[in-house]
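What follows is a set of structures to go through.
The following pair of complexes shares a single chain, chain A, combined with chain B in the former and chain C in the latter.
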Partner chain A sequence: MTAFAGDTIGSALYADGRRVFSRSFKYHRPRGLLCCAGRCPNCMMTVDGVPNVRVCVEPAREGADVRAQNVLGSLDRDFLSVVDRIGGPFTPVGFYYRTMLRPRRAWPVYERVLRNLAGLGRVPETGEPRRYDTEHRRVDVLVIGGGRSGQKAAAEAAAQGGRVLLVDERGGVTAAGYEVLAPARAIGIYEGGLVPIDAGTVLYRVRAARIVVATGTVEQPLVFPGNDLVGVMLPNAVRRLVREWSIRPGERAVVIGADEVVDDLRRAGTDVVRRERPSSLRAERGGGRLARVVVDGEAIDCDLLVVSGGRAPASSLLAQGGPQVEAVGSVLGEQPAAVPLDARTGERSFVCICEDVTDKDLKRAVAEGFDSIELAKRYTTVTMGPCQGKLCHLASVRLLARETKTTEAAIGTTTARPPWQPVELGLLAGRHHEPMKRSPLHFRHVEAGATMMWTGAWQRPFAYGDVAAEVRAVHSDLGVIDVSTLGKLLVKGPDAAELLDRLYPNRFSDLAVGRIRYGVITTDGGRIVDDGTVGRLADDCFYVTTTSTGSESVYEWFEWWNAVWRYDVEIVNVTGALAAVNLAGPRAREALAALTGDDVSNEALSYLDARELRVAGIPCLALRIGFVGELGYELHCAASAAEHLWDALVAAGAVPFGLEPQRVLRLEKAHVIVGQDTDSESNLLSAGMPWLLKLDKGDFVGRYAAELVQERGVSERLVGFTMTPGVLPDEGAQVVVDGRPGGRVTSARVSERLGRTIGLAWVGPEVAQEGAEITIRVGAADERASVTLSPFYDAAGERLRS
Partner chain B sequence: MTRLAFLSPSPEAFASPLARALGDGVTDVSQLRKLELRGALDGVTPGAGEDLLRFAPSRALLVGEGATEPPSGPGLRVYDMSAALAAFEFEGEDALRRLTDLEPAQLPAAGAIARGTWALVEARGDGRFRVFVPRELGHYVVEVVLDTLRGLGR
Partner chain C sequence: MTFLLDCPHCGPRDVYEFKFQGEVTTRPDATPTQEELSAYVYFRANVAGVQREWWYHRQGCGLWFLAERDTRTNAVLSTEVP
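And then the complex of A and B:
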């Protein structure tokens, strides 16, 4: 097909003789050019794999691949048009809400059939996805609409100085002291003067101090029998065909209420029959398209009917923007006068050509009680199609007013919401970038062949290979794990100890400098939300660690209470500044001693001590703690030195181990992971941590709730359990008591060292006793387990203290 | 200044968080010293070769090669955030507009970049910008910047 410079795909196709451009959404009726302004759905085709492109405004380009959509066969012979011929009585409005409910399991089949019978274009599943970008702009004045009023408003604003941006959905606007973005379409107005603008493959997020809407008006089609036939056009479409592309729209035209196009038509060589606004009108087809019109009983043969229901203000953006948005030009105009609707004839009268909603559908909706415009909209889907109500909102309001015997003002309008213009989901989504937090040792893990996994926004090593071997290395020799993801806060100031005493249920004001204490943070309701260690670095300075996913929320929690209580404390989140590794295993001290000149003997650096050391030349804060149950040191250093430290530790014989081995090791010690073994209902007493509750000190967050729990007792308890090897319940498996759910498993692993399956579970307090027998559902079977209240491994903690 | 040695990076063991993310159009300046100043900022004067980037009424970042003594004074607290922040430079206001809604004419300013990542952005003149982001997200942000530059045909 040949196209000329300036042609759109639609104009080129029309000049080439094509009249049917699409098939309608539901009935598969043939549809031709109607508005030629990119508003109606009639010319939507798939162009270069992109569905639902309005070809009437899509510039023609060399080699463009243009295909019909929602068609079985061809545009001229669509086999699915059988729905139009015989399906009408069986497919009234809302039929899918009522006729496909049973059997329920068949709905997926119904849905697939409906999806194939009706709809618009198909999202491409293959091929290179289009690139969409987002750009941010700030301007003093944004003018939406590039007509005369819009250009005048833009020029006036520009004359007063400041940045002015004019957006127009068609090109051809010449900038005059202001910037023009075209072709581009504003798709909504949001709070703060935010206006997203669709410019094809770039979504502009424009923030404007002042917004001027100059969107003008939208030509309205009339509702009459046969109003959707191929050959029925709005005056503007005819004007564009003749004036912009020198195309003769038809051989013989009937023009009603659109005298402004008569000269254009005659100039193009079309035979014109003019008629005044009739009291009755219908269009009849022959050969699948318009063949004649009957005006007040007079039949006139023609292949083109140019008819207009007047122009309605395109006021949706104004309604979205509210009173702070200004308007200029014809968008401020009145609604056009109502037009009569013809009586029922053989052809359907479409109120909404996007969704194939007829006047009969709306009448039926009213009869069924959906008599408000919002309900009718949801029931019939009128105004919910690609035109977003531009061509059907007014007609539907009028029809509803007539059917309910009230006024249009009483009917009101539907709520105007973005998008005002259809927009590609890809454009809204933008580029696919997923924020990923990388520890300072991330690439050491990747280079070592670790299997990486997501934990929150972090990527962490699951394991480096053999999980069991990594566990064995920690138990019997030396392992090292990257724990840089832990949250790390400095709490500094004269009131730091008092702040921590009020934030935690236990006490920190009596913590000696250089010592560490475990802490759990609870809400006002006593619920556990995070845990970690608190080390005292100086009288007025504490180093707090949190869970990996809790650093931000704990930081905010601390800041909040610090502000509420007005303490002289500064809280600094140093999570990203510091790397941390846990060197663990019986040989940990030996390896550390070889890398530092500092005394790391058990006397100089004992369990729960915090000291600054130089390890492999790197200044570190060493915390003598052990989540994995063996002699261990957490070494915290500047993140930029982490690789150097890690390399030195590995060279000293430390075997890197990942999260999965760590989970086995910590479970052997029955160490809790907050968020996995606890939930939003867990408190210190139910989680088996009563030793953290210091009720002999002053007030603290969660105290009242803790006292209540202590007084009333707990309804469940977190306990350990063991099972025979070879049986491994899922995390989340049910604990069964007398055939009924009586708890749940939170963690379970097979411990090679212990030769048993071990785990943690919530159970009723009546079975939270050492040695009690419980039953856990594993697959379809109930398996026996034995309750234990102490750690499974090194219960006395001798290895940690060694 | 808070004298916590483990918080300050050792120059001899420095590894940039952006070392494996770099590409044409992005320059890594993560090695710069970055001191966060809090409190009484009015008396602070940056030394030669240093930039004082105020991003809140009582918070600022003092950026430089680290050759000068950290500032001190009553009501002023100083934290070494050198290792906490990755830093890089790139060129193009158009690229900046695709990365953040911060207004180029109102820099330096702190805001969101590349889908919500906190950033402090400074204009360096001649259409060049310096960006400071949390170290753990530095690699990701540079990937986004490089992709953006590719989208602009660079």
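And then the complex of A and C:
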């Protein structure tokens, strides 16, 4: 199809002879151009995969793919229009609340059918997502609407100085000392003078000290039988067709009231029959669209009926306004006079063309007791369609007033919430961001062919190849894992030890310089929120590690309590500045000694010592700890030196291992992963860490709750379990007690070295005993498991200390 | 919720830059009864009116500060460093 420059898709289609533009929401009645101003739902099509585009205002462009929607067949022959012909009596307003309830088992069938029929348009499932952006703007004055009043207000504001922005739905406003955003649509007015503006693929979040609403009026359709037929148009639509695109709107037109379009129509070559406001009016169809108008009993053949119910102020934005909002122009005007019409015979009379709500539907709703406008709205969905009440709110209020024999004022209005204009969800979502954190060693892992996985925002190696081989390397020789993702905080100042004593249930004030202690952070509700190690670097300086996901939240937590208690302590989050690797395995000391001139003997650097070392020339903080259960050193160094250190360790024979082998290794030691094995209900006693609870010191966060738990006992316990090696429960699998759920598995792996399946699970305290037999649901079967309270491997921790 | 907050360090900023930490509570200074502990941990006054609350300038300077805000209008009456 061809289009001229300046054409919209809608005008080009109309010029090409197309009259049916869509099929209606419920009855699938043919619909044609009505407002031609982007207000009504009649011209919504799918353009280049984007559903519900109003083609009457969508500029025509080369190669655009335009498709009809809500149609089975074609626009002219829609098989679903059977709903209009026979479905009427069976699908009255609210039918979905009352029908299709029985038989219950048939509901899946109904549901499938309805699912296919419901809604308008289809979200594209393929193709590139469009890119949306958000821009933040701050202006002194924002003018919404670029008509005469809006332009005048903008010019006046600009003359007084200050930044002025005018937003208009249509292009063509020329700036005069102020900025113009067009075509663009203000979606609503929010708290604090925030106005989101939809400019296609950019959402402007504009904050304005003053907001001038100059949205003018919206031409209202009239409610009469057949008022939705293809060929019934609002005066403005006719005027646009003639003036903007030189299109002849029809062969023979009946014009009621709207004298302003008569000259335009005649100039375009349309025969015009004029009538003044009648007392009865109906439109009749022939060949699927308007063929005849009956005015006060007089039948007139025509293919175009131009009529309107007057202009209603477009005041929705004013209803959302705050103290910054003022209005100018016709939006401040009166509602148009009501046009009472006798509408007893003929076609349906539509109050709401978006949702196919007729006058009968509303009357029925009132008769059923939904006589408040808010209730009638929810029951019939009048004003809830794509036009958001622009074309139907006034008519529905008037009809309700007439039916309930009250005044319009007594009926009131429905709440005008944003969005005032339709907006794409993608625009609200903004650009598709997937923030990714990469360790300083990221590209070493990629080069080594690691399978990367997401852990929170971090990309980490799952494994480099064979998980079992990586586990074996750590057990019997030497492995190295990147643990740069650990949160790392420096806590420094005269009160540092006291602050930590109050933030952790155990004690740090008596920790010797150069020593490390494990710690768990709890809330005042006693719940476990994070864990890590705390090393004392000097009397007044501690090095705190947190979980990988906890670095931000623990830092905030520390800062918050420091603000509450006002200690003389500085807390620095050095997570991104430092890298960390864990060198682990029986050969770790030998390998480390070969790379450093410092003394790393078991006496000089024993288990839970923290020392500064120079490894392969790199200054490191070495923490002798062992999450994976073997002799190990966690080496923390500047991020910029991490690759050099890593290369030296790998050259010394350390086998890189990923997260999955680490998870097997730590599970053999029954080391808990906070968030994996604990949840928001877990406390120190239920998680089996009573040794961390030091009640012989002063107050600390979580103390009172811990005392209470100690007094009352725990309702469940985290325990280890073993199973025969062929059986592996899912994480989250049920523990079954007497045929009922009695707990859940949090971690489970097959340990090659132990020749068993091992795991952690929450169980009732009565079975939290060494050797107790429990049952775990694996698939459909209940499998036996045996409870273990100590680590599965090297329970005495000899390998860590060796 | 799109109001502005006056960070004592950075000045007026969009509320989305901040983390809200709830109303200021009073931590028991001696072993509380179970009711007192529950009230402190779980219950909030939730006033319709002016309340003192904690805010954190997460996407800014990282300052924890106190604000007085009218919960009915979101008008921030004052902010201060504790």
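Quick note on the criterion: the second predicted complex is superposed on the first by the 755 of 802 C-alpha atoms of A that agree within 3 Å, B and C clash if a C-alpha of one lies under 4 Å from a C-alpha of the other, contacts with A are read in each partner's own complex, and residues count from 1 in each chain.
We adopt the following convention: a contact is a pair of C-beta atoms (placed from the backbone, for glycine too) under 8 Å apart; a residue touches a chain by one contact, two chains touch by 3 or more.
Values in this document were obtained by computation on a predicted structure and should not be read as measured data.
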Contacts of A:537 with chain B and chain C, given as first, second, both or neither: first
First (chain B), second (chain C), both or neither touched by A:248: neither
First, second, both or neither for A:560, with chain B first and chain C second: second
Which of chain B and chain C A:360 touches, first, second, both or neither: neither
More chain A residues in contact [chain B versus chain C]: B
Partner chain(s) touched by A:618 [first = chain B, second = chain C, both, neither]: first
Touching partner for A:705 - first (chain B), second (chain C), both, neither: second
Common interface positions of chain A, toward chain B and toward chain C: 136
Contact footprint of chain A on chain C as seen in their complex: 1-4, 14, 19, 21, 27-29, 31-32, 34, 37, 40-42, 54, 56, 58, 62, 64-65, 74, 82
Chain C contact footprint on chain A (complex, rising order): 136, 190-192, 194, 523-525, 556, 559-560, 563-564, 566, 699, 704-705, 707-708
Interface residues, chain B side, partner chain A - complex: 2, 4-10, 12-17, 20, 30, 36, 38, 77, 79-85, 94, 97-98, 100-103, 114-117, 134-137, 139-140, 143-144, 147-148, 151
Chain A residues within the chain B interface of the complex: 131, 133-138, 205, 207, 431, 433, 435-440, 442-443, 458, 490, 492, 537, 541, 570, 572, 574-578, 612, 617-621, 636-645
